[in-house]
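Take a look at the structures listed below.
Next come two complexes built around chain A: one with chain B, the other with chain C.
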Partner chain A sequence: MVWFLARKNLRRAASRTILVVAGVTVAGALLFDMSMLGGGLERSFGSALGRLGYDVRVVLKGTLPLSTDALLPGAQTIARRIAAHPGVGLASPVLATNLYVEGPAGRSAAVTFGLRPEVRGIIRQESGRDTVDGLVVNRELAQRIGVSTGDTVQVSSRISPQTGRPGRTTAMRVQAIGEFAFDLKAQRTIAMPLGDLQDLLGLDGEPASFIVVKTEPGADAESIVRWVAAEWPTLDAFSITGLLEQVHRQLRYFEHFSTILTGISLLVAFLLIGTVLTLSVGERLGELAALRAVGLSRSRVVLLVLLEGAVVSAVSTPMALAVGAVISHPLDAILRATPGIPQDLHFFVASPAAVIRTVLLLTVTGTLGAAHPAWIAGRLSIAATLHQEVQ
Partner chain B sequence: MSAPVVELRDAARLYQLDGAPVAALRGVTLRVEAGEFVAIVGPSGSGKSTLLHLMGGVDLPTSGEVRLFGDVTHRLSDAALTAVRLRRLGFVFQRFFLLPMLTAEENIILPMLEAGVPPAERARRVSELLEYVGLTHRRRHVPGQLSGGEMQRIAVARALANAPSLLLADEPTGELDQQTGQEIGRLLQRVHGAGVAVVMVTHNADIAALADRMLVLRDGRLT
Partner chain C sequence: MTRARRARIAAIWTGPEHPADVARGDPQVRMHLPALEDVLGRHDIADRVIVRLQQGADRGTAVRIRDDLRALALGFDVYTAGELVERTSQTFVVISRFHRAIGLITVFAGGIFLVTLMALRLTEMRREIGALRLIGVSRRTIGATVMLVAAAITCAGCLAGVLMGAVMVWGINSYYQPLFGTTLRFATLEPLTVAFAAGLGVMLGLGAGVVAAARILRRTPLEQVSR
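Here is the complex of A and B:
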């Protein structure tokens, strides 16, 4: 009966109910977006890392896990030893640097990866292949310097700041045009076999920027991390979890931002529901007193008002989720346009946890918003209220 | 002698008004037997509604006692008093207090829903009650579509929904014209005729004359 009355009461002041539902929907949409934003980039990053399958990354001690500035000497030998460790499926050095690539339409700097053929998944050629056994150029660079598959380009290690002339230069044939995981917006990237890049840079001792490690199914990445740290005190190893912790520390301001906006949206929803229900209860004190007189218990009257708050939340929630999901796209696009953000990553990532969090918070807020009017309804004196209504 | 449905023993009700006690009822002793029709008359402010509220257990005496179906009201919990009102009492108010968003039949069904009456039984009883108050054709109308007299008849039907032994009516004709008031008075007489004790507060002498017994309340005392 209380459910029946709650629905009827909300329909009774339909325009007011529609307005409060609209308000809670907007607040709820913001809440959902903030739930998606809080940890969204981490989830997106974790998911991208997980897709590649390289669950441990080894770098020189003291460098950031995603940094490519420092060189790790003897990387090939270290990688071979790691690969021989039980539970490791693959360990391969990766060299990252910047080179200059010149084609018919001009010259451009390019982020460059030197990869061994067994490293798969980091690039995706137009043919569908995901290994590197020649020069692979990303689409952005290919357009910039006007090359396509089969063309020859000049690849230089440096440009003299005095003369503007390139340093050590090698002619290379473009084997394929491809897409690279973690490319930034408008980033120009190439990949070539690791040995070719080491030769071009004149590096001795098989150095690399980092080593990527793929564990066997069922193997514990954290135990590999511990083993590497113990075996090579000059190295740091990070599992995906460890990398995400690093990312989490670096992106904590997003979490603070989302927490503050979450609080504001909850407060708005709370005040909207509380205000409207307080007004509504104030308008029908006589009815509520009469209901109490004809046999509705105090707890049922309280439940009735709480339920009205919960119904407003329940009706608003699906709309809030839909509006939040729609709004998240342009917001995500704005944040992804920030320089230095890989194009595969997203800030607003919908997840079951974000949906559940939004639904729970809105339901609790709706019920709490109804708490004060419910308290008013519950404590009203039947006789005094009936007296006042007749005056 | 049968047990009274409601009995007041030296019941008084004091209110605090700006810190000073104001007596709405002073030492009222009254006994209403099962099936009796009692009218309580008196001028405005004489304590009629307060008396009715004490009898219905929606208010408690500050001294003396009220026995409702044998139980002393101030010794019953709020839940127990609510249960008595739901199952054994019917209330009719001057301003009807029908829920405006519910149809006539939904208003009548409310107490039955709260009492957990099965759906089939509810449907049968609401039809009987609508027929009893002569408003079968108005069952799907909301209060805004009903006249004052019709609303009061629906309120009487609601009060009878759980077949109470006692019906308390607080100025049931106060918002109605003379003729409609007479109709409501006759309806309450029929309710009494069906064996329900009726206590009606009114300042309308013609309506009060329909009762078996008329009591006069002045300055919080029965005279």
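Here is the complex of A and C:
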């Protein structure tokens, strides 16, 4: 009965219902987008880090991976000791720097990684291989200097500002063209065996920028982090969770932004449903009094109005999710144009939690929006209202 | 620690803040170049060289000097101060573009809200309008009355909206400035924003008034006064 009446009332004022559903849909779409944005980049970053399979990164104290040129001395020895620790499957030093690469079409600076052959997953070659045992060049650089697999390039550690001539130079054969994890837009990147890079830079003592650690299945990354910190006071170790905590402060802007806009979209939905239902109840007071007079209980009248609010939310929710998903793509594209954001990261990340949050918040808001008109409907006096209506 | 040097703190530096650094909160140290070279063990190497032109040099001079230096084709690149500002402010250009996109969506949601409320408010006047028409008031006068009501509601709503916006700007700055330990302002109420929001609100409100007036006046007075 209550369900029948709620549907009938919403259908009776069709244009009004369409307007309120449209308003709640747009507010709900914004709500869904903000649910995706709040922590979206962190989730995307965490997921990309997780895919690489390295649970712990060891860096110089007070730094983050790739945040400084400072090198970690004796990295190979440290990596060997970490690898021998129970629960550690692999520990390997990684050296990152900038080099100049010259091919037939010109010279270009390139971000360079020195990797040991056992470090897998950071690079994906066109052949599908993910290890580095020669020079691997990303597509952007290959196009820029006009090389392909098998060509020889000149790799230099620096260019003299006085003469423009390259410093220490070595000729290397391009073993493969590959994709690199966390490449920035238009970034030119190469990778080569760690030893070759250390030789090219003239580095003694096997230094590295950081050490990547892979734990064995079931091992606790946090206990390894604690062990490294206790064993080497000049080093910091970060699990994926720890790294996410480090970037959290920098990404707090998006969290707060999404909170504020979530509040605004909920307020719009609440006011829209509340106002429309209040006016609707005001127009139907006589009808509601008549229903009460023929035996419909007060609680069922209240339920009827609350149900109308919930129905508006329920009808709007699937459309809100669809519209939100559609508009999240251009919004994500806008934010991904931010300098320094790797191309494989996203700001708007759809997740079951974001969907559930949106559905719950919209349903609760719709029902709460109907609370005031429900209260008006519940407290109406049958006799006085009917008397007023027939006057 | 390798290559450690003892240094005396000459001053606690609180220079002008840059919005890009606010969220990072990185610890920073400034020292003389020779002292840093000594710590790093690297001499006569720098990340960049800044060039100050003679007093009175204009933008054209800066561009000419940039081109002259670039023509040397050595192992460095050259930028004017304006170009550097453009490059370093790219993040804020992107954020500003994102704000505009979100603003567009909220304006759309707000627009639907406004049109709905205005249409409902004017529909509520249906019976009064029917009574007025029955006693001989012309459609033109009633149309003007409806538009006047729409304009009054819209103006009151715009005023309340601007006040609410001002309160929110104050609230956002009061919350974020202590949170990030900065005097930078996170939100500002620009006259252009106020004019845009108010103008849009008035346009939507009056538009809704026109639609509601047309719908009401299409009916006969008897239809209007009927329940």
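Operating definition for what follows: the second predicted complex is superposed on the first by the 388 of 391 C-alpha atoms of A that agree within 3 Å, B and C clash if a C-alpha of one lies under 4 Å from a C-alpha of the other, contacts with A are read in each partner's own complex, and residues count from 1 in each chain.
Here is the rule we use: contacts are C-beta pairs under 8 Å (C-beta built on N, C-alpha and C of every residue); 3 or more make two chains touch, one makes a residue touch a chain.
A quick note: this is a predicted structure, and the numbers were derived from the prediction, not measured.
In the overlay built on the shared chain, the residue A:Q388 is in contact with neither chain B nor chain C. Of the two partner chains placed by superposition, only chain C is touched by A:I334; chain B is not. Using the contact criterion defined above for the overlaid structures, shared-chain residue A:L272 touches chain C, although it does not reach chain B. When the two complexes are overlaid on their common chain A, residue A:S297 makes contact with chain B while staying clear of chain C.
With both complexes superposed, C is the one of chain B and chain C in contact with more chain A residues. In the superposed model, A:S127 lies in contact with neither chain B nor chain C. Of the two partner chains, chain B is the only one that A:N9 touches; chain C does not reach it.
Look at A:T241: by the touch rule set out above, it reaches neither chain B nor chain C.
Put simply, chain A uses residues 286, 389 to touch chain B in one complex and chain C in the other.
On the chain A side of its complex with chain B, the touching residues are 1, 4-5, 8-9, 11-12, 286-287, 289-298, 300, 381-383, 386-387, 389-390. Across the complex, chain A is touched by residues 49-50, 53, 56, 58-59, 78-79, 82-83, 85-87, 89-91, 93-95, 97, 99-102, 106, 110-111, 113-115, 158-159, 162, 170-171, 174 of chain B.
Residue ranges of chain C in contact with chain A, taken from their complex: 1-2, 23-25, 27, 72-76, 90-91, 94-95, 97-98, 101-102, 105-106, 108-110, 112-113, 115-117, 119-120, 124, 172, 176, 227.
Residues of chain A touching chain C in their complex: 16, 19-20, 22-23, 26-27, 29-30, 33, 62, 73, 100, 158-164, 234, 249-253, 256, 260-261, 264-265, 268, 271-272, 275-276, 279, 282, 286, 327, 330-331, 334-335, 337-340, 389.
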